[in-house]
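Pasting the structures in now, so scroll down.
Consider the two complexes below, in which subunit A is the common component and subunit B and subunit C are the respective partners.
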Partner chain A sequence: MRTIPLLREREKQIFDKAGNGTFEMACDRHSLAGSVSQRACVFCGSRVVLYPIADALHLVHGPIGCAAYTWDIRGALSSGPQLHRMSFSTDLGEREVIFGGEPRLYKALCELIATYRPKAAFVYSTCIVGIIGDDVAAVCRRVAREQGIPVLPVHSEGFKGTKKDGYKAACDALFSLVGTGDITDIAAVSINILGEFNIGGEAWMIRQYYERMGVQVVSVLTGDGRVDDVRRAHGATLNVVQCSGAMTFLAEQMKERYGIPYIRASYFGIEDTAQALYDVAAHFPDDPGIRERTETLVRDEVAAVMPELRHIRGDLEGKRAAVYVGGAFKVFSLIKALRLIGMRVVLAGSQTGNADDYAHMRALCDPDTVILDDANPLELSRFVIEKQADLFIGGVKERPIAYKLGLGFCDHNHERKTPLAGFEGMLHFAKEVHLTVTSPVWALLRRTP
Partner chain B sequence: MLLRHTNAEIKERKALTVNPAKTCQPIGAMYAALGVHGCLPHSHGSQGCYAYHRSTLTRHYKEPVMAATSAFTEGASVFGGQANLLQAIDNIFTVYEPEVIAVHTTCLSETIGDDIPQIVNKAKADGKIPEGKYVFHANTPSYIGSHVTGFANMTKAMVDYFAESGPRSRTVNLIPGFVEPADMAEIRRLATGMGVASILFPDTARVLNGPLTGKYRMFPEGGVTIDQLRQSGTSIGTIALGVMASAPAGLAMDSKCKVPCKVLNLPIGLHDTDLFVDTLRRMAGVNVPETIDLERGQLVDAISDWHPYLHGKRVGLVGDPDQLLALSRFLIALDMRPVYLVTGSPAGKKFEESLRDTLSDMGDDLRIAVPGDMYLFHQWIKDRPVDLLMGNTYMKYIARDDDIPFVRCGFPILDRMGHSYFPTVGYRGALRLLEKMLDALLDRKERDSSDIEFELVL
Partner chain C sequence: MNPTPPIEEAYTLAALAPVPSASATQNACKLCAPLGASLVFKGIAGGVPLLHGSQGCSTYIRRYLISHFKEPMDIACSNFAEQTAVFGGGANLQLALENVCRQYDPALIGVATTCLSETIGDDVPMFIKTFLAATPGEPHPPIVHVSTPSYQGSHMEGFHRAVRATLGALAKGRAGAAPEQVNLLPGLLSPADLRHLKEMAAAFGLQAMVLPDYSDTLDGGQWESYQRIPAGGTPVAAIAAAGNAAATIELGHTLAAAGDTAATDLHTRCGVPALRLGLPVGIRHTDVLLQALADISGRPVPAAFQAQRGRLLDTLVDGHKHVNTVRAAVFGEEDLVAGLAAFMAEIGIHPVVCASGGASRHLAQVLHQLVPARQHAGMKILEGADFATIEEAVAAAQPDLIVGHSKGYAMARRLGIPLVRVGFPIHDRMGGPRLRHIGYEGATILFDRMANALIETRQAASPVGYTYM
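The block that comes next holds the complex of A and B.
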């Protein structure tokens, strides 16, 4: 295979462990102009975090596209209202671009709130709103006053940074809700689950683990979320934050204002899930039975999935995987989870990792693993071929590329259909990987009469 | 009850679109640009828009969709995106090596007011565009029009930039409109079957429905070449299919290179395919071969076989303007009743009039919204249901909630296969549409019929 030239400025965003000497990633960078980046924008980040709040109104203030593309594309499940699955847009036209969109935003909000009586409203600013200079916050304040519900501006203009900045904007909006609810009936052994969006029902599973441990879950932020739960979140004793990026901002803010400590957790893979549960248990040393309940839970759950996992491992032993997903934290978990089913990670990368993340990733990987930050499709396909991967784990844009190359694929972003978190999720994940890696379709490539 | 939030009471909404029946210009421009051979579409704006456009096209085609972005930062949004675009052009030609870059704007760069031709000229002057390679552009502000407008603008840009006059050839230009790769191939097949040499643009066949080969090609086989686009200026005529998507390019060709242009409906259904075939026959001075008459005859035969099951069925459609017009005519020919029609595209009074003219027999039952959204459409359905729904994937919420048979057509289709491989244009395409509609209607009939009514032979 012909090697492709790399963008010169990108050399530092790629690390080929076998080749280069020192390890120093230049990440946290804006994508280069002219790159075929797989990254998204600030608005995308905010939306991912806030949309699972199902009894809130989500209004996208901007031209139609930003709203149309994000209409119910993320499988954040709700057990109750489905308002978050509708698409509301101010659908700005030329007139507003010239004269401003504030009156239109005001009208839209009033109409929607009158119709749906939501518990709160989030208003997402898109790029153009940032340029035409609408005072979205002022309109929100006015509507909040008139309608008597919180109306929160989300400053998610796409050009104002990366997806991470969108997480932060979302956290700012959430933080203004936290602390406004009644917390009298909250137990001492209680937590909030942060950064869990209930894709495929994952939040339900995790919540249930904690409840079996005897821990009260005050609020899941934001999977299957409700405004009233968010308002009460400051009543919890501990914040358990999943993933590196999305909701650490909120945890930091809550620590500062309410003195609630936070710990990190990953629910992906058996090791990490067990670790998360034990960490939470350890936080409540005064609760007499918690340690034991947790041990029992872990033992039972692991015993339930291990036999089948072992079986799957038999088929997958020695196969190679390429992992390229949004957050770096997820990459760590995937590396471990793949190892559990006998696979080796030959390429690892993320859209949004920082320097520490990449150092950690390097430590987790084999010496010859390629590490990439914000990769383009040419780089991805080049390394996947060079490293002879059998499986690609990525998002919507990577799937057809993997298939074209004739390798298996597993979606670990928001298009996944089954819960991949927790113990049960590990089994789903293993089955999905097994199904695709061992599919007969890859052998159909050549004509074999 | 996913759409339990649809309110039955219809109020006029002025400032608000709920559940849109359109999307923004750049995605149409990106799709059109992918129909040029070796072309990398480039989105001049911030990187979110283009990530969404690529994802949506990927979900619809299940194919890699390549495009680049100027990746605007705050600086660019204050000082303009010239530096970003210059750097982008340089990077793209160095790293990805396309033949052509097709730049489209976004809301952001439009509002800032970047002058793309001036920037492209500067790139040329600075030697950033290698010999024999090209950069062309279309302005696609999304706060005007819809994805169809973007497609039309990019297609017109192909003419504006490349078509050259010259001694007349015997070739006919075919502008297929915002249709699927399979449709584009079918339009060409009909022309070839009639012995007409044609230049079809844009042409996404074999770009967005390519084979699995074990290799990843950033620039697949298909697409109209720049040479062909150049020669299109010497053709004997142009057939532009679809007033909204194709007429601007066809008319631009006429005024730039004096190539006479006929604007027709999309060749969906019997009459509009007849019209296309007949126009092509006259323009190229050929006869219609028996093979095509055979296809037509088979279609009429199938309609006659099944017409009792189609008669009087009330149909609700959401789609793009060109599709709505042609589909309405087809449904009428089938003795069906297209009664509710919504497009998100602001297609104008004239379009609405021609739609109303076509459907004048529907009387009081007729409801049309140009532009409207799916929410409004759903309110109509709640008011009085129909027998069949036709529209893109987003219509499945309505189909489910109100338990109505549903045929997917249009853009985007995110949850079924077929549109990449089987055309809906031409006589063959009409047969396929007929099959899909009958399947939906008859499956429902059998599901709902009692044991006594349930029959083996239909």
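The block that comes next holds the complex of A and C.
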């Protein structure tokens, strides 16, 4: 097989468990100039976190592209207002680039707030706003004063860091809302769900699990989100944080200011979901019966999905999967979930993991699994071919590569429409994997010798 | 299959019609300039687009193009960091060029700027010179630079600028006459359209230099192994020889109304006659294109096209009552809107709303020429429009049909009007790259699709449940 040269500077970001070499990845750095990275920008990180807040205005301050490319692209559902699915941009022109965009931003905010009556507004700064020097925060303060709603600047200039910095900027904006709502009716056994974006309705399922356990969910941040719920989030007793990076910043801030502890959770896969629920139950030892209610719930839910999962496993036993998604935590969960349905992970990687994440990933995987950080398509496909994967799990940008090379594909990002979280989500996931891996089209592609 | 709770009645899509605003763009009907430029460089054999700016733009653009083409979409980026924005992007661009050369071994690199590098005032031509000077003797692919700040124009400006910059950089002069060679500058067409266009030229015995030609690179088959750059595209050598061609045919009605384009530039610099025609959508403008090819080649229009024309006419006659006096709204890129409106006028459809996010300022004038007065009475023309403005106009006009790309779905659904999907992007149906618009065959297919959308609506609305329509 033809091997593909790797960029010299990238060698440290690839680790082959079968090879020699020390395990040390240079993952927290910026992507290399000239590479076709799968990474996005600071703005993208902020947008992911805040997007699901459905009764807020999301105004992207900059030229049109950044807003146009994020119009209604996510599967984050709302049970009420749908304002988050619109794309609002100040669409800066040459005039504003030269003379400044503040007047246009001010007018746009006033007009849009008058029209849509949002509960709050988020104003995202994009790259050139950081260059032309608009005082976005000042405009936001003025509009907030005049319109009587919170208007929050999100400092998300694309070039000022990585996607992680975007998460942080979004958390900063959220944190300024937390603590401004009434919390008198909140029970002692109560939590916030952080880092859950209600893709395909996932937050609804998870919320329901907690409610069946007798736990009050004060605020989901930010799935099916409402500004008023965010404002009350400081009334919860515990923060349950999903995913590796996205909302840990907020949990940290809330711990510091309000003394609310946080625990981590993953709702992907049966083991992780059950673990998350038990962990939360354990946090409320004074609640009589919470442990039992949780056990019953887990038992019932697992019993409901297992027969079909076993059936699916029969078809998938021994097939090989490559996993390359945004966050490292998701990779861990996927590895376990794939194992449950009989598959082996032959490649694992993420866009934003840190050294600890990769060490953990290595421990979870088989000895010959390839581990990649911030990979480009050349590398991804090289290893996918070498490892003879049957399935690729990645984002929307990896799908065509997988298909070109004749292997199955599943989405595991914010653009999908299927809920993959929780017990029921595991079944959806297994069905989707089954749907792609067992298709007869792959047999048509096998070349005649 | 989605879990409860369902969306409250009051908040279903229907209740959320946008309201136009003077200072904000809502649900844009345009994309940004580097996207158009990237498409052009994707249509050159061995071409790699390289965006000079920060990473988000290229990642978003790739994702967006993939949603339509469903093909791998490598677009490199010089990946600005915070210091880059302060000290300028020279070092990053040079490193990026070096890495792209090393990793892709490209036949051409197309450097398109983004808003960021334009705003900080990077001198990209100088950076490229420095890069070339730093490695004397090393064979480098041609590097084309195109300036594409999005605050100056939409993806179509980026597209046309990239075509012009590529010809400007490669086609240096007239080295001799190649009477069987023709330059075709098609604009943003589907890969299937591009294939048809090449068939047309070939049928006249002409060698066509189609720029860009992404008919294979963005609509190819399966791979045995990873392709750094997908096969296909216009060879660099053919572009370099464009100055020798018998003529340049540039398609697009609004483009033809613009002062200065790639075709006029090639004429000025190399003396290649420029034929600036409308998009060949419908009978008359396909006739014009074929006649132009006949004139250039000195050959009559081949029988195969006469046969296609015959079938088209026959189809139009068979179905004329389904479409005559029907009212339609059409939106998208200006030249596609103009071409579709011209075709609609030919078959009796009244294009009551014609809208585009582009702002070349030529659309209204062009439409008034293309659509006869009888049909354009009350025709609403929107330039530089967003979907809030478009939806307001469409809601007021209450047409029978909407013709445009996938971005119009929410509007069409709210208004309960069928949407016939054409153009780019198509991300809620299969087959966007295989959509046909041009030539007699394209017109036949478009006619069937529009007529069927109308028939289907009537059939579904009838309580009788007619089997014959």
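Some notes on this structure:
FYI, the second predicted complex is superposed on the first by the 445 of 449 C-alpha atoms of A that agree within 3 Å, B and C clash if a C-alpha of one lies under 4 Å from a C-alpha of the other, contacts with A are read in each partner's own complex, and residues count from 1 in each chain.
The rule is short, and it goes like this: contacts are C-beta pairs under 8 Å (C-beta built on N, C-alpha and C of every residue); 3 or more make two chains touch, one makes a residue touch a chain.
The structure displayed is predicted, hence computed values, not measured ones.
Overlap between subunit B and subunit C is detected when the two structures are superposed via subunit A. By the touch criterion defined above, A:S79 reaches subunit C but does not reach subunit B.
In the superposed pair of complexes, A:I132 makes contact with subunit B and with subunit C alike.
Contacts of A:A40 after superposition: both subunit B and subunit C are touched.
Contact with both subunit B and subunit C is seen for A:F159 once the two complexes are overlaid on the shared chain.
In the superposed model, A:T418 lies in contact with subunit C only, and not with subunit B. Judged by the touch definition given at the top, the superposed model places A:W204 against subunit C, while subunit B stays out of reach. Contacts of A:H428 after superposition on the shared chain: subunit C is touched, whereas subunit B is not. Of the two partner chains, neither subunit B nor subunit C is touched by A:Q275. Touching of subunit A by both subunit B and subunit C, each in its own complex, is seen for residues 4-5, 7, 30-44, 62-71, 82-83, 85-94, 96-97, 104, 107-108, 111-112, 115-116, 127-128, 130-132, 158-161, 377-378, 381, 396-397, 399-401, 403-406, 445. Here subunit A touches subunit C in the complex through residues 1-2, 4-5, 7, 30-44, 59, 62-72, 77-83, 85-94, 96-97, 104, 107-108, 111-112, 115-116, 127-128, 130-132, 158-161, 200-201, 204-205, 208, 377-378, 381-382, 385, 396-397, 399-401, 403-406, 418-419, 424, 428, 445, 447, going by the rule given at the top. Every residue of subunit B that touches subunit A in the complex is listed here, in rising order: 1-5, 7, 13-20, 22-27, 40, 42, 45-49, 51-56, 58-59, 61-74, 76-77, 83-85, 87-92, 94-96, 106-108, 111-112, 141-144, 146, 210, 212-218, 344, 375, 394. By the touch criterion given at the top, residues 1-8, 11, 13, 16, 18-19, 21-28, 30-32, 34-35, 50, 53-64, 66-67, 69-82, 84-85, 92-93, 95-100, 102-103, 114-116, 119-120, 149-152, 154, 222-228, 407, 410 of subunit C touch subunit A in their complex.
Across the complex, subunit B is touched by residues 4-7, 30-44, 62-71, 73, 82-83, 85-94, 96-97, 103-108, 111-112, 115-116, 126-128, 130-132, 158-161, 376-378, 381, 396-397, 399-401, 403-406, 445 of subunit A.
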